Amino acid sequence: MDPVRNLAELLTLPDFEAASDAVLDQGCRAYVAGGAGTDRTVRANIAAFDDIWLRPRVLASTTTEPRTDVTVLGHHMSMPVLLAPTSPQRLLHEDAEIATSLAAEAAGVVPVVSTDSHVPFPEIAKASGRAGWFQLYAYRSRDDIAATIDMAETAGASALVVTVDASHAALRVHAQRAGFSTPGHVDFGTLRALGILEGEVPAGARIDRLSLSWEDLLWIRARTRLPLLVKGVLRADDARRCLDSGADGVIVSNHGGRQLDGAVPGVVALSEVAAEVDGRCAVLMDSGIRSGVHVVKALALGADAVCLGRPYLWGLSVAGREGVEAVLRLLRREIEDTLRQLGAADVNELGPHFVAKAGAGAAAGTA
Amino acid sequence: MDPVRNLAELLTLPDFEAASDAVLDQGCRAYVAGGAGTDRTVRANIAAFDDIWLRPRVLASTTTEPRTDVTVLGHHMSMPVLLAPTSPQRLLHEDAEIATSLAAEAAGVVPVVSTDSHVPFPEIAKASGRAGWFQLYAYRSRDDIAATIDMAETAGASALVVTVDASHAALRVHAQRAGFSTPGHVDFGTLRALGILEGEVPAGARIDRLSLSWEDLLWIRARTRLPLLVKGVLRADDARRCLDSGADGVIVSNHGGRQLDGAVPGVVALSEVAAEVDGRCAVLMDSGIRSGVHVVKALALGADAVCLGRPYLWGLSVAGREGVEAVLRLLRREIEDTLRQLGAADVNELGPHFVAKAGAGAAAGTA
Amino acid sequence: MDPVRNLAELLTLPDFEAASDAVLDQGCRAYVAGGAGTDRTVRANIAAFDDIWLRPRVLASTTTEPRTDVTVLGHHMSMPVLLAPTSPQRLLHEDAEIATSLAAEAAGVVPVVSTDSHVPFPEIAKASGRAGWFQLYAYRSRDDIAATIDMAETAGASALVVTVDASHAALRVHAQRAGFSTPGHVDFGTLRALGILEGEVPAGARIDRLSLSWEDLLWIRARTRLPLLVKGVLRADDARRCLDSGADGVIVSNHGGRQLDGAVPGVVALSEVAAEVDGRCAVLMDSGIRSGVHVVKALALGADAVCLGRPYLWGLSVAGREGVEAVLRLLRREIEDTLRQLGAADVNELGPHFVAKAGAGAAAGTA
Amino acid sequence: MDPVRNLAELLTLPDFEAASDAVLDQGCRAYVAGGAGTDRTVRANIAAFDDIWLRPRVLASTTTEPRTDVTVLGHHMSMPVLLAPTSPQRLLHEDAEIATSLAAEAAGVVPVVSTDSHVPFPEIAKASGRAGWFQLYAYRSRDDIAATIDMAETAGASALVVTVDASHAALRVHAQRAGFSTPGHVDFGTLRALGILEGEVPAGARIDRLSLSWEDLLWIRARTRLPLLVKGVLRADDARRCLDSGADGVIVSNHGGRQLDGAVPGVVALSEVAAEVDGRCAVLMDSGIRSGVHVVKALALGADAVCLGRPYLWGLSVAGREGVEAVLRLLRREIEDTLRQLGAADVNELGPHFVAKAGAGAAAGTA
């Protein structure tokens, strides 16, 4: 099978999922796809986008080359898409985070590299020339957190993303049923470089994390000059408190439905959070993005950018760096197309008047 | 297979689709059926009609021959149905737009002929005795637009429909998957007659269009005395601006779901637009009409007439002019039946009191 | 097959449909089951009952023998159920309306006999000892209407039901597809007795009806002292006008979804009509009753009684009079059970506090 | 088959249902699963939980060991779960209520033992060391009720639950179709000990119950010093009257959908009742609990605890006491996980701000 020819036949992001399913074993497939419990939130994250209609405007004299670039927290991106932090990518492809970071760099988008990466963060940063953002999980002690932040800064991270919705292991029924276990060739390179992990990778590949408090967040805020984002926010009150704690941004996310089955869908929470924040800090979102139409809806509802998760992992599984690039190329094409059809010349023009909630407005003129 | 006997067995418009599927190759089938992206708006266009109930009135002493004729922008029609402009009809039948126009003339309805027609517009006009309305796509330059309008006027067009929702090629995944490509015997006769197309039909049969502005619309308005309609309007603000720009009518449409996946369904946008326009110009709609019940619902919600798209193409595929006539005969029978059952003697009586939004009103008297 | 043993195995009304399907030919099956167009209203009539929750009350000290008898327009019935008028029942069973009327008499419920009955109304009345109500279709002229009413009165009809939603033949796609045609042994005995039908039964078994006006209704009102009901009312304004025209009752009905596809479901219209009438005349409903739970919901929403249609025809098909009696026995058992579980000792206690609209009220206490 | 190994493979409560289906005969399976009529309320009880989203909060510094213990009416429980009273458990396992009570005791939860138990209540109480709560059905006379209460008190019951929604046998179509009948080895030991049942178990294993009144409730209230709960309440007005009658708690329940098809789902009624009661008495709920997520949603909506029904019967069927313990272990793990992911350190912190109704809030910022 010629992978290049194959990539050209993948016309939608879900096509990449099917291609990925064909190359992964059952366990990895289930690990990537599955969420917590009954996968209800996994499904709802996607379905909730269908409840939102786009309202194109006409005669807006749009060009065939709409602008998709944005600047978020000083970081210029060729489109409003970041690569969400994910677990050791060696699970899916030999080149792991190196492939992903090179693809991101080539596409002009920002990778958010996980504390749990297979390749140590400094190596990723060096390989791709630009370090991207660093995602922080808290392990063991404040000293270790401090060391982790220092390493990220030293390696050139341009923002720090603190994930706050995954302190505790989740009940991943889907993956359990498939008998998923982390293969022996997968490691936690960054944790090992930090000395947090020594010896063998623990069974289940799960190292206990600390559960952070608001006080911890203040301490982290004081500890770094990097732009600070809090990932996993689903409520207006929490978003406001992030703001009050000095965060530069929040990432609305339910961790792709992988932590709490029944959690409110990402795009539903986005409206609530964006209304509360009202431009006082950056608002990003993930959980459920499966097309350029979804990206545009999220931006119209108040997101400054979105984070892509599973879709780029599908690309990585299928063809490494080339696969991730193909995913990003397709997504860019879809965003551009959506902007053109919507009558928007620039993603920065997107706003609430471009969307309407499905169900409202039908037969408004009836008796 | 005797086509005439066959047509008599087609009892609903979707029956024509099944018959059409049996005669078209996979690519053409997908081209006609498919929309943009996931086809979500294609499906929603139709499903949205199901959210509207009809409220028949009784003892209205209706005759068995309700009146279905209307006059829209001075054009008298035997029923409130026009044939929407579509791409070169040679894709579907040898007789192409000639068949369609003769069928329309026989049925007393108005064909809206596309700038992209296979047969040059003047020939269509001559063949059918009456030119119908002309649909304008903008190509190359204002000079070419002017020449196109002149040609339409000279050939006897009785209205000019400016399509504003299809300046940019769309991501038609459905058709792409089926490997659709325009067959070699299909041409763009009108564009060729105008000198806009020279040489071979380009690959993908797509000639780049201009993206019109509100200023362009004013210029077109000033350029012709024909009644002017803007096709592709989905928002109240755009409808009002069309009105302010001198348009005589708007056509609420999402291009049958073929341009932007996730665009608001036609019948949902109709209520919004009709409320805004409030009778100050003609309001037509297309996108999702699959029965006489749908036509009547659209009129009750404020449309002056509807445009039929795919259904007449199914008829054309199956039996050329005779097939289009069969589709129109069936649709007229359904409209008449709906009026009779509704207690309306005339389509011009239709209004919002004849409809109610599904979901509202059940168990109104509950605790 | 021993029919009696068989009847005991039918535990729900839909079980009777399955049994009926097994004995009828395809055409008759489709004729009974099918409605207008896409059968959307047929399905919605039933589904709309699912949108209504029952709210049982406790400690109401109900007996095991709740009262189900009601008096509607002076007619005492053992339960709030009438047998809706239907087309010539010889289609389904040799004994036709005789079987139905004897079953109704045995069960203490009222049959509403159609002008289109196979057996002449006077013979039905004589055979069952009690004439029931007579349903009037208007044929040919006021003289014929007068003669029809006179015949009904003479034969002992205790109420006159004027059907106003079926003046015009409907587009019954389902039955058309099945190739339904009325078998040769079916006749219109009442019309023949009146001299309205002479010679052969016309093809399609459809004799043109008059389309009545409000003036006609006033004329009919003046012509008879029988209680007068108007059947086919779906709107508050029409119900009020019936009241103003001297009607003693209205029957909320969309003719079981057989006339207008997309007509508002019966139980949805019921709330609107009952609120308008507010006890000033009798309100009955049909269209969608498939269980005792449905009967109780209709009464709680304001109906004084319901008319049963297809379910008793299923019983008739399966086992003639015995089958109709089995249907009524089951329905009574279900009504009694529903009352007991609901904490109501008498159907006359039913009111809106016993129902709630589904969807409302969940998570009322949320942030 | 090694049952222990098997239990470890059951990852969700529905997994236990599948395992139970494999060991029970068709009749018992249908008896446990089935509800009244069409099973609509059975399904809706579960589905209604899906209409409620969880709203996790972040940085709440939760421990890995959230507290799940509660005290309800003076009874301390290791988690907010009781075992609902059910019919003679000998149907499902030889050890019947003994197994269930021992499992409950081991898990630190309260069994509510039915008047209809197979093993006499005093024996159950003795075997498990702690009697649990006693559920009262009223049979024959006030004298018998008094004797039943005396027996419960003497045996050490710590609360009295009066079930008020099952005085009358229900139409259990599902079980009827499966030909369910109570096997000969099943008895009503408590009723026999009380002398209420003498001789053979009646056909259908149904002994007629008394239908209680509000006056009876007052009499029961005066007759015992035990905490008194009324089970089967679905309306605010009834809950208030329970309160006024001296009840210490209400259990919102539709008897698992087994009595009235179409009854409002438990979790829908819960909001209404909890709002009315407003903390003035204990509010429990059952009907539809299938996971720890459901338990947490119910508590957030105002329940003090929930009663588990079918799920523990599945465990009992599969492996007796061990099976019930496995069910409770899994449920506890799910509750703890949900609390951790939700950012709640203690079930007692749960409140309405943790939930939102699905459908509300999406696209709140739209035009």
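In order of appearance the chains are A, B, C and D, and numbering begins at 1 in each one.
The working rule: contacts are C-beta pairs under 8 Å (C-beta built on N, C-alpha and C of every residue); 3 or more make two chains touch, one makes a residue touch a chain.
The model shown is predicted, which means the values in this text are computed figures rather than measured ones.
Chemist: When you check each chain against chain C and chain D, which touch both of them?
Modeler: none
Chemist: Could you label the chain A-chain D interface same or different, taking same to mean over half of its residue numbers are used by both chains?
Modeler: Here the answer is different, because the shared fraction of interface numbers falls below one half.
Chemist: Which integer distance in Å separates the CA centroid of chain B from that of chain C?
Modeler: Centres of chain B and chain C (C-alpha means) sit 41 Å apart.
Chemist: Need the CA-centroid distance for the pair chain B / chain D, whole Å please.
Modeler: Computed from C-alpha means, the inter-chain centre distance equals 59 Å.
Chemist: Give the residues of chain A touching no fewer than two other chains, as numbers and ranges.
Modeler: 52, 55, 356
Chemist: So with touch defined the way it is at the top, what topology do the chains form here? Options are line, ring, star, complete, other.
Modeler: ring
Chemist: Show me the residue ranges of chain A that touch chain D in the complex, using the header's touch definition.
Modeler: 36-38, 40, 44, 48, 51-52, 55, 164-165, 167-168, 170-171, 173, 176-177, 208, 211-217, 230, 232-235, 237-238, 241, 254, 259-265, 267-269, 271-272, 274-275, 301-302, 352-353, 355-357
Chemist: Can you tell me which positions in chain C touch chain D when the two form their complex?
Modeler: Those in contact with chain D are residues 11-12, 49-50, 52-64, 291, 293, 297, 333-334, 337-338, 340-342, 356, 358, 361-367.
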